[in-house]
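Below are two complexes that have subunit A in common, paired first with subunit B and then with subunit C.
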Partner chain A sequence: MTRARLATPELVLLVLLVGELVWFSLAATNFLTLDNGLEIVRASAEVGLLALALTPVILTGGIDLSCGALLGLSAVVFGAIWRDAGQPIAVAAAAALGVGLLGGAVNAWMVAGFGRPALIVTLGTASLFRGLAEGLTGGAVNYSGFPASFLHLGQGRVLGLPTQAWVLIAAAALIAVLVHAATIGRALRAIGYAPEGARFAGIPVGRRLALVYLLSGGAAGVAGLVYAARLGQARADAGTGFELSAITAVVLGGTSIFGGRGSVWGTMLGLVALGVLANGLRLADQPAELAGVLTGILLVVAIGVGARRGRA
Partner chain B sequence: MNRPLWVALAWAALLALVAVVAPAFFDPVNLRDLIVRASPLLIVACGMTIVILARQIDISVGSQFAICGVVAGLLAREGLPMPLVAAGTMLAGAALGAINGVLVARLGLPAIVVTLATLVAWREGLRFATEGVWVQDLPATFQWFGLGQDIGRWLIGIGAAAVWASIAFVLGWTPAGRAVYATGSDAEVARLLGVRPPLVIAGSFIVMGALTGLAALLSAVQFIDVQANAGIGLELSVIAAVVVGGTSVSGGRGSLTGTLAGVALLATVGPALTFLGAPAAWERALQGAIILIAVSAEGFSRVRRVKEQHA
Partner chain C sequence: MTRRTMAVAFGLGLGLLTLGAAGACRGGGSAAPDGALTVAMMPKNKGNPYFVSCRQGAEEAAQQLGVKLLWDGPTETDPAKQNDVVEAWITRGVQAIAVSVENREAMSTVLRKARGKGIKVVTWDADADPDARDAFVNQATPAGIADVLLGHAARLSGPAGGEIGIITGSLTAANQNTWIAEMRKLLPTKYPTLTIVDIRPSDDDRKKAFDETQTLLRVHPKVKVIMAIASPAVPGAAEAVKQSGRKDVGVTGLGLPNASKPYLLDGVLDSAVLWNTKDLGYLTVQVATALAKGTPIVGTTQFPGGRLGQLEVRGDNVILGTPFTFTKANVGGFDF
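Moving on to the complex of A and B:
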């Protein structure tokens, strides 16, 4: 019993992370430096935003496969409004956020309003959002040449940290309060355990579900802006596969894919573990593909440990 | 409401529209190319129907598809005769499917996470192994099975039709097929009826893998070289076709007739768009819209059914 309680996914992950740090500081050059640490944060920010917003979604037993595609759509809309429509950056950014929220609202409407399975709904909207981005750009247009003031969001620093790190911290704080310190968090877990029971307990299941999908859409909008600012370009394929990395970070962090159990703190740890792995392997001159293979194995092991714990 | 019928009607309407606006679409050569291109999709969709009927999901098929294509190329380059190449490729697919099957059925892990992990691991593992290099210098017996374009195309179409017919038979008229439906409807009740759900689930993943291998072969023989990055996003088109065809993701409900209609509709949309003069870049958006319409249509009919019951 005690042993089971000690082996929380977060703790396992922490041990793993320490292992990674030891390995890479021995095997890689320039790994254990402050600059490299900040580089890892910069590279993980977009997936991090998606993963943070996915945590409450998965807590309710849902999933959002469309967030990567929505990131791409908002980045493309941002570029189109700024360059093609000649609007100021602020208007374009607001439009990108609006697209994110609108996309989230479509998911919310289908899942919470219609009661359709989130897996299939967000599979469909993933196709729709990515397809709209491809249609808008004709599959070829690449928006770039953004002003330096905007690129600062993705490439600059504020108070010593990469600018997007502050966005990530703010998002983490917001989601952490929502999940861990607000009654809404309790409601989300209750829905994840038993939606029917939650309804009988007087929880407005539909509205809570709508909220988490809306949040996920909003996060995709913000992540689209950060992505465009970091790379200085916006294309229809922006953020391809990010939803998979984000889900990996969340599940690695100990959140149960069936809902009901999980923490924001675990998601952050999962994110760092993935970011450090990719970065360390690169600095250790290991092929980048190894990171993908290891991530897959880690994911199976983590979920296996979680399932065993859930059954015990 | 009969979903396959509605989807077939939508397909017929699309064809009618194309017939009026761009009759050139019905040129035999174009239709033949359409069927050849849709054949691998149909084969994978047959496997996916079984998996989804058993209340599971496999999002790793795109990566399996890529690995099996490369395996087919390598086996052919070793000088193996084509029937052995086909057997080896399907065996490779079945082995990959078995890994998913064991992890899901034996260890009880959720299929979506397991296949998400294998999706990433296989894809990156293949990239690692091949370094992105295509399989080239294939023997003359590889492309179109060495039988020339015409017979090769016929073989691909017939192969897909045969797979569809035999899986439809198994699902509809054999105890094995009933076991799949029973497992997907309610695994506990199925167990009490003497079905072994873990076996059924593992089996469905293995069949899925073998069919993905066959599809990869039938797709690879259409070209001179084998691409190392084939099948990216295949899982989305396949699941979309199955769901549009009316198979329920909560398991136990659906049919291969529906899957055939779904594949036909989704595979026609893209080429039809081009013939209607719309930019091909909008194809995916339209496919997404079709999925959403299909998903919400199921929602409406369920609401109506519940209301009728309570009336």
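Moving on to the complex of A and C:
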């Protein structure tokens, strides 16, 4: 019993992460510095927001493939409202968040309301959101020249930490309460293990599912703003492939893709492991493709250990 | 076999795989003596043969000058990834950064940050904001390229002139847009019989260039010249015109000789304009190294470009030379 407990996926990942840190402190230049640590957080914040919101989604046995596209749509809407409609930054930001929530609501409506498979629904809405973003900009417009006060969200620091790190911490706290402290968390796990059983146990399955997809949409809206502020631009291709990185972080963190088991803590570890890998390889003068290879190996190891224990 | 031995075997296998992968992917930087200057150089896209041939010249210059060259960038056109790599180079600490800028706005911010940390910044192939870099290695002036391309278009459409359709890189690509702007300036004065009727994106993808050219031919049936101004777009556009069977449509563009060769030889493609890409990579490393050693560029009129001889300096631009046209007659002599 003790031994089984020690070998949780989170612990395996922690060991891998320590391995990464040791390797890169030896092989890479200026890797083990505070500034670089903060830089890793800055670069991981958008994927991190998506991954955090994806954790409860995947806990229910669902998936959201549309969050990367929704990030792009929110960023573009933000730019359009600010520049083309001439509205203040605050209005544009609210609109971007609104778009995120609206996109999440569409997913929630289809998955929770009509019981359609999340994989198919969000594959469809991913294409829809990306298409809307491209249509809105003709694939060509690039919104930029945002005021410094807004860029501070992506490029500045507050109390020593990158501004977006605070956003990420707040999101992690919120999701952690939802998943681990509130009764809702138990309901989400129950849905993940057996949706029919959960229904018979009196859990409002539809409402709980709607909540997690709505949250995922909202997180995509926030991530869109952080992205626009970090790069100083909003283009229709923003966040391409981010949903896959986010899913990787969640699964790497030990959340079962079949639902029922997982933790916010694991997701954060997964996120850091991926961020450190990409950053460390660059500082070790290794080409970026190697990050893809090693991410794959990391996943295979983490899942391989899980499978050996019979509960991937 | 017990479970534990299986686990150990599994772990060992993965370990070997990791080592193998690390070995296979080596080659991000070239060897140089310790304490040498490090020049980090970024293409827009590592897979594009245009940038592959630039790298050959860059490696040659690095070897000649004894500097360590880091070569990295996105494997696909992605402005966010370019930023991430430059951020890492700033943290790592290099003496010079040379970037072919995919997106001006996003890159200029991070390049200014690099300059703020005392790193010399050179842009090459595609420029950033002037205050974000110390010098720009200009492969050819936009006006020169626009003039040569329109000259070919005018010859292809004959004395009566006609419609031109352009297949560009991405619609936001800075240098393609500058060339198009220069063409628009030249059209009314020097080429009044020509008009640009459509500009379509290829996103540096041959297949997309093929599809967009087919669409263009359907939407504008009177078009006389297809001008493909991104190197992967040339064979795509030429293939589309070839398959359409339209002998009355001429194709010209800006492309690599090897990719253009089959279409130049069978006559679908009239001409491909370019500069010597190896020389561009070579010159970029020369300029970056000179700056890192403290040699000024601004205020001089000539730059000693190693085997390229003395090159013209215009303000903070180092000019590579005049564009070159590959044709059926001369393309056999080039291989990149």
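Definition applied: the second predicted complex is superposed on the first by the 306 of 312 C-alpha atoms of A that agree within 3 Å, B and C clash if a C-alpha of one lies under 4 Å from a C-alpha of the other, contacts with A are read in each partner's own complex, and residues count from 1 in each chain.
As a working rule, a residue touches a chain if its C-beta (ideal position, glycine included) is under 8 Å from a C-beta of that chain, and two chains touch if they have at least 3 such contacts.
Source: prediction; values computed, not measured.
Q: With both complexes superposed on chain A, which partner does A:E196 reach: first (subunit B), second (subunit C), both or neither?
A: neither
Q: Between subunit B and subunit C, whom does A:G304 touch in the aligned arrangement: first, second, both, or neither?
A: In the superposition, A:G304 touches subunit B and subunit C alike.
Q: Quick one: classify A:G145 as touching subunit B (first), subunit C (second), both or neither.
A: second
Q: Looking at A:A43, would you say it contacts subunit B, subunit C, both, or neither? Reply first, second, both or neither.
A: In the superposition, A:A43 contacts subunit C only.
Q: Pick one for A:G232: touches subunit B only (first), subunit C only (second), both, or neither.
A: After superposing on A, A:G232 lies in contact with subunit C but is clear of subunit B.
Q: With the two complexes superposed on chain A, say which partner A:V293 touches: subunit B (first), subunit C (second), both, or neither.
A: So A:V293 meets both subunit B and subunit C here.
Q: Please indicate which partner A:L283 is in contact with in the superposed arrangement: first for subunit B, second for subunit C, both, or neither.
A: In the superposition, A:L283 touches subunit C alone.
Q: Once the two structures are fitted together, what part of subunit A is touched by subunit B and by subunit C alike?
A: Correct list for subunit A: 138-139, 287, 289-290, 293, 297, 300, 304.
Q: Quick check: in the complex, which residue numbers of subunit A touch subunit B?
A: Touching subunit B from subunit A are residues 63, 110, 114-117, 119-121, 123-132, 134-135, 137-139, 244, 247-248, 251, 257-258, 287, 289-293, 295-297, 299-300, 303-304, 307, 311.
Q: Across the complex, what residues on subunit B touch subunit A?
A: Contact set of subunit B toward subunit A: 57, 103, 107-110, 112-114, 116-125, 127-128, 236, 239-240, 243, 249-250, 279-289, 291-292, 295-296, 298-299.
Q: Going by the contact rule set out above, which residues of subunit A touch subunit C in the complex?
A: 28-30, 33, 35-36, 39, 43, 138-140, 142, 144-145, 155, 227, 230-233, 235, 237-238, 240, 278-279, 282-283, 285-290, 293-294, 297, 300-301, 304, 308
Q: If we count contacts the way the header does, which residues on subunit C are in touch with subunit A in the complex?
A: 3, 6-7, 10-11, 14, 17-18, 21-22, 25-29, 46, 70, 72-75, 78-81, 83-85, 87-89, 91-93, 103, 105-106, 109, 171-172, 201
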